[in-house]
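Please see the structure below; I have some questions.
For clarity, chains are labelled A, B, C and D in written order, and residue numbers in each chain start from 1.
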Amino acid sequence: MKLTDRTIGIIAVICLIPISFGAYLYYLRFGQNGLNIFLGGLVTLAVYSTLYRENPIYRFVEHIYLGLAAGYGVVIAWSEVLSTQWYDPIFKQHQWLWLWILPLAIMAYFVFSKKHSWISRIPLVILSGFAAGTIFQGFVSQYFPQIQDSFKSLRPTIYTLQNPDPSPAAHILSISGAINNAIFLITLTSVLTYFFFSFEHKTKAIRGYAQVGRWLMMIGFGAIFGSTIMTRFALLVDRMYFILIEWMHLGHPII
Amino acid sequence: MQHACDNWFVAFFEGALIMLIMVRIIKSMRGSIPFIRRIPGLNAIDEAIGRATEMGKPILMIPGILGLDIVSLQALNVFTHVTRTAARFATPIRMCVCDATLYTISQEVIQDAYQAEGKPELYDPDSVRFLSDQQFAFAASVAGLIQREQVAATFFLGSFFAESLIFAEVANSVGAIQVAGTVMTTQTPFFIAACDYVIIGDEFYAASAYLSKEPVATGSLVGQDYAKLLLTFFIVLGSIIYTVTGYAGGPHVPLIHTLFADGGWTALLHSIRHLF
Amino acid sequence: MMNNTTNNETPLLEKLQKIDRRILYLILVIVIAIPTIWPINIPNAPLPMSRDLWNTINATPPNKIVLLSSTWTKNTRGENQGQMEAILNQLMSRHIRFAISTFDPRGSQVALNLVNSVAKKYGYVYGKNWVDFGYQPNGVNYVKGISVDLIQTVKRDAVLKKPLQDLPVMKGIRNADNIQIVVEISASSSQYYWIQFLKPGVKVGFACTSVMAPEAIPYYTSHQLAGILWGAKGAYDYEQLNVEHHTGGWGSGRQYMGPLSAAFGLVILSIFVGNLAMFLSRKRSRQ
Amino acid sequence: MHNWEIAQGNTIWLALAGVLLVTFIVIGLLTKLPLTLRRPLLSVLVFVSGLFYALEYFLPTHMVLDHGVLVPENFLTDLIPNIINPLAQDLSALLFGLGLFSLIRMHFNNVVRQRSGWVNSLALLVSTLSMMVFGFWSRANLHHPQWVDQVYHHLFDGVYQNMDAAMFSLIAFFILSASYRAFRIRSFEASILMTSALIVLLGLSFGGLITDKVPDYGLWSNFRIETWSSWILNIISSPGLRAIDFGVGLGGLAMGLRIWLGIEKGALFGD
């Protein structure tokens, strides 16, 4: 049976009756916060319904979500940025030069004009100019400490591995440290080799080294995968706790 | 390092890297087009477009979820290529954008691509959409779009975060062929698990240079290779000096260690003075 | 007979190779729901980096405070709430003064609610035992500022809107030297504010989601971070240390580890089944 | 910035009128700009705005007292927090209307033309509007009744935040199906990816129980799963990702350079 919008609308209106009754019960029992929990459980189930398949409920809730996000974006843009950094300086501290942002913003709206849409690029190139200009400092402060940290001694002593304090302690060679440092360097250089694009990987040695780099990279990706899983599942467990304990009251709450 | 004068050595080093890149760009602009290795993910792009054409279903493109920055602009370069190929076969496209400033540029780029193929009438202004600038609202709505329109091919190129797997798995569930590429190393494993072809790290820049065949982009790519070689050289050199001096954090610090830290320039001058 | 078994087995293997994703999802929901409703306890051994954080906070002298920077929202409640609650339990049972602040405008209410609910248990009084510095939009200036003069930088507290020096909790607290440790409880990279701009010598702890942890470990080995709580496991570690030293009880850390382990087990099992089915059917097709 | 101030009173409206007048004149002139001059104009603008940060970084500094701390500054440093940052943020915030406008236009058209799914579009418009109304009303410092706060609280904490959390937690489901489907040992690469993922996963959760009986000192500790997982993270994963990052960083540096100098052909300067 093909559901038309009209039938979906009728069904939705009918569903609203028990839903609002439930909301009222929650409100009576738990107050304002209870109503939040009720709404939260409802929308969570609606979002999860997409796991079964695309359906009208998800579509409806998705649009509400999108609308709320858009509205919230406007509220934040005003209250966190424009009101304190633009409106107040102009109208309260009379720094009227800030008004000159207005022409730039107006230019951006020319994107909707068919003929003069290129004018909208003026504010955009200014913004991307700022982004491009910061790259010099950004590159240096992000990557140079890492270069320094990549110098690895193949003859490390035990005391420097565990205790960076300088002292004339034993200068015993740490075999495991040496092996680890060697593996570190091999990984670093082989992955770098894999990412050379302008040289054909001609000799067998280079091709092999790049291949080793790709394998080591895969180990790294696997490690990220493993460690990220924990967060993702913890969030799901928390959502299930919300649904089962806080919303449905099926067990004892922790706090 | 807030300013260049915190360590002039590092500033000069960066200058050297920039010079390497610039020299190759200029050389390439003067006509000596350099060689670039073809990366495997590229074949997949045309394959995916072909598949969508066969099925008559749309192609979805997402230039990351960050705003107007270097990565998303690069993604748009690739998408220009995709759009032009799609325009040739009159395959419908969808593009979802997460940022208002990027949205304006994307709209123009897509329109230009249709114009360049001589088919401006195929351009549908609603094919480029701004959905939301909030991460998961955007994800929810892209997921909905993928399922409703049953897209046949997806291209996720740009900066992605936690939502990467939502896109990739939903697209997989409708049987789309997927090409993904991101500079975010934390999301690459999820794309590897869920997508058909993944462009890893640096290949992202290479892909765009290879597709556009612009002398500037290809020259720059070669320059980046030389810069990378210089970095590798320094890392190996530093490690050799550490090994020879036996240093690993002890009191006798080799010069190369201090060179890359704040005050490195002064250390260099000091040791030169010490020599004479 | 032989033929019969082959015919019976092949569809099963094929089925195992392509289990519908919805069935997997349903199994996941059940696997998580059961230990959520009827909690199970998974034994745990605290990581050294959790232990370090616990010890640092525990060693707070009476003339110092602890600053909790709580930059998380409902999104990552599963990991961050357990961590923060465990830390609060320790602080309050040891009668340590503390302050909270946030870098996320949405985070201030979440943090206040949590502290209020824990404070009820210990009879902690706002203004006397703890204080809220509120939302700090400009991270760099805030961190630089409190390194030098805390009272001047924050000026007023976020709840009573009173000048800071009028609150009894701030007695003898002037700048970052009076802070034992700053703990950043976060779902984003906000620890860099403290690592880069806080006065050198003041300790920084990091309670993060486990996505962030691998990135933070190098800073722990270089002693820039005094300790790390690794996501949900970190919360469990901390609760265990609290229980061992009678500075607090169990919370969501232990509660969530049960369902979490069950879910991990399911992931491992599904990988195993997928591979087994593929191997067997490949073998069969070769025969 | 005292010299920025003008006299009190209604002069601000005069200034606004002046700015708008100049805007219209400038835009009028821009529309008459010949095609060949567009690209040079854009290149000059991008170069000038990029030059600010470049100079700020490369020019020498002197020490200045800021918040009681001595910090190195040059004459441009002070402009970053006072002018450039607010300017960029204000401009981006004002551009938010672009996306909002296109979103609302599309869904408004859906509703007006009663296209399929217009009910959803209507829901979107209503929720946008209510979030905006109650958000402004509740967050503004004006006097407002308490129920406004409560409605905003329900919209934001009850619906919006919970949906955010629900969407975020969906990823866990997808991880399960992705790992079931993709972690087949089809190739050598897939198997090493899977193995290292499993080791790290075990090391973080109940893997410690499997090797619980192994002592955690001396050579023995090498046989504990936690040791393996942290070894993989520190010795293989971190240099591998660092090497990728070097490449990505150099690519970004080159691209930034190309944009700054206006020699990039693609999206921004394409004709």
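General observations
We take it that contacts are C-beta pairs under 8 Å (C-beta built on N, C-alpha and C of every residue); 3 or more make two chains touch, one makes a residue touch a chain.
Keep in mind that this is a model prediction, so the values were computed, not measured.
Compared on C-beta pairs in contact, A-B and A-C come out with A-B as the pair having more. Of all the chains shown, the one with its CA centroid nearest the global CA centroid is A. The centroid of the Cα atoms in chain A and the matching centroid in chain C are 17 Å apart.
Put simply, the C-alpha centre of chain B and that of chain C have 32 angstrom between them.
With each centre defined as the average position of its C-alpha atoms, the distance from chain A to chain D rounds to 9 Å. Counting partner chains per residue, chain C shows two or more touched chains at residues 21, 25, 28, 75-78, 210-211, 214, 218, 231, 233, 260, 263-264, 267. Residue positions of chain B touching 2 or more other chains, listed in rising order: 2-3, 11, 70, 73, 101, 104-105, 108, 131-134, 137, 140, 162, 185-186, 189-190, 192-193, 200-202, 221, 228, 231.
Contacts with at least two other chains are made by residues 47, 50-51, 59, 62, 65-66, 68-70, 72-73, 108, 111, 121, 124, 127-128, 131-132, 135-137, 139, 150, 185, 188-189, 192, 195, 217, 220-225, 227-230, 232-233, 235-236, 238-239 of chain A.
Residues 5, 8-9, 32, 35-41, 43-44, 47-48, 50-51, 59-75, 77-79, 81-82, 85-86, 90-91, 93-112, 115-116, 118-119, 121-137, 139, 142-143, 146, 150, 180, 183-185, 187-189, 191-192, 195, 213-227, 229-230, 232-233, 235-236, 238-239, 242 of chain A are the ones that touch chain D when the two sit in their complex. On chain A, the positions that touch chain C within their shared complex are 51-52, 76, 80, 149, 223-224, 227-231, 233-241, 244-245, 250-251, 254-255.
Against chain D, in their complex, chain C makes its touches with residues 19, 21, 24-25, 28, 42-45, 47, 73-78, 106, 109, 138, 141, 144-145, 147-149, 153, 210, 214, 217-218, 230-231, 233, 257, 260-261, 263-268, 270-271, 273-275, 278-279. Within the complex formed with chain B, the residues of chain D that make contact are 56-61, 72, 74, 92, 95-100, 102-103, 106, 163-164, 167-168, 170-171, 174-175, 177-179, 181-183, 193, 197, 241, 244-248, 250-259, 263-268, 270.
Contact residues on chain B toward chain A in their complex (touch as defined above): 1-3, 10-11, 13-14, 34-37, 39, 68-70, 73, 101, 104-105, 107-108, 131-134, 137-138, 140-141, 143-144, 147-148, 162, 185-186, 188-190, 192-193, 200-203, 206, 221-222, 225, 228-229, 231-232, 234-236, 238-239, 241-243, 246-251, 256-257, 260-261.
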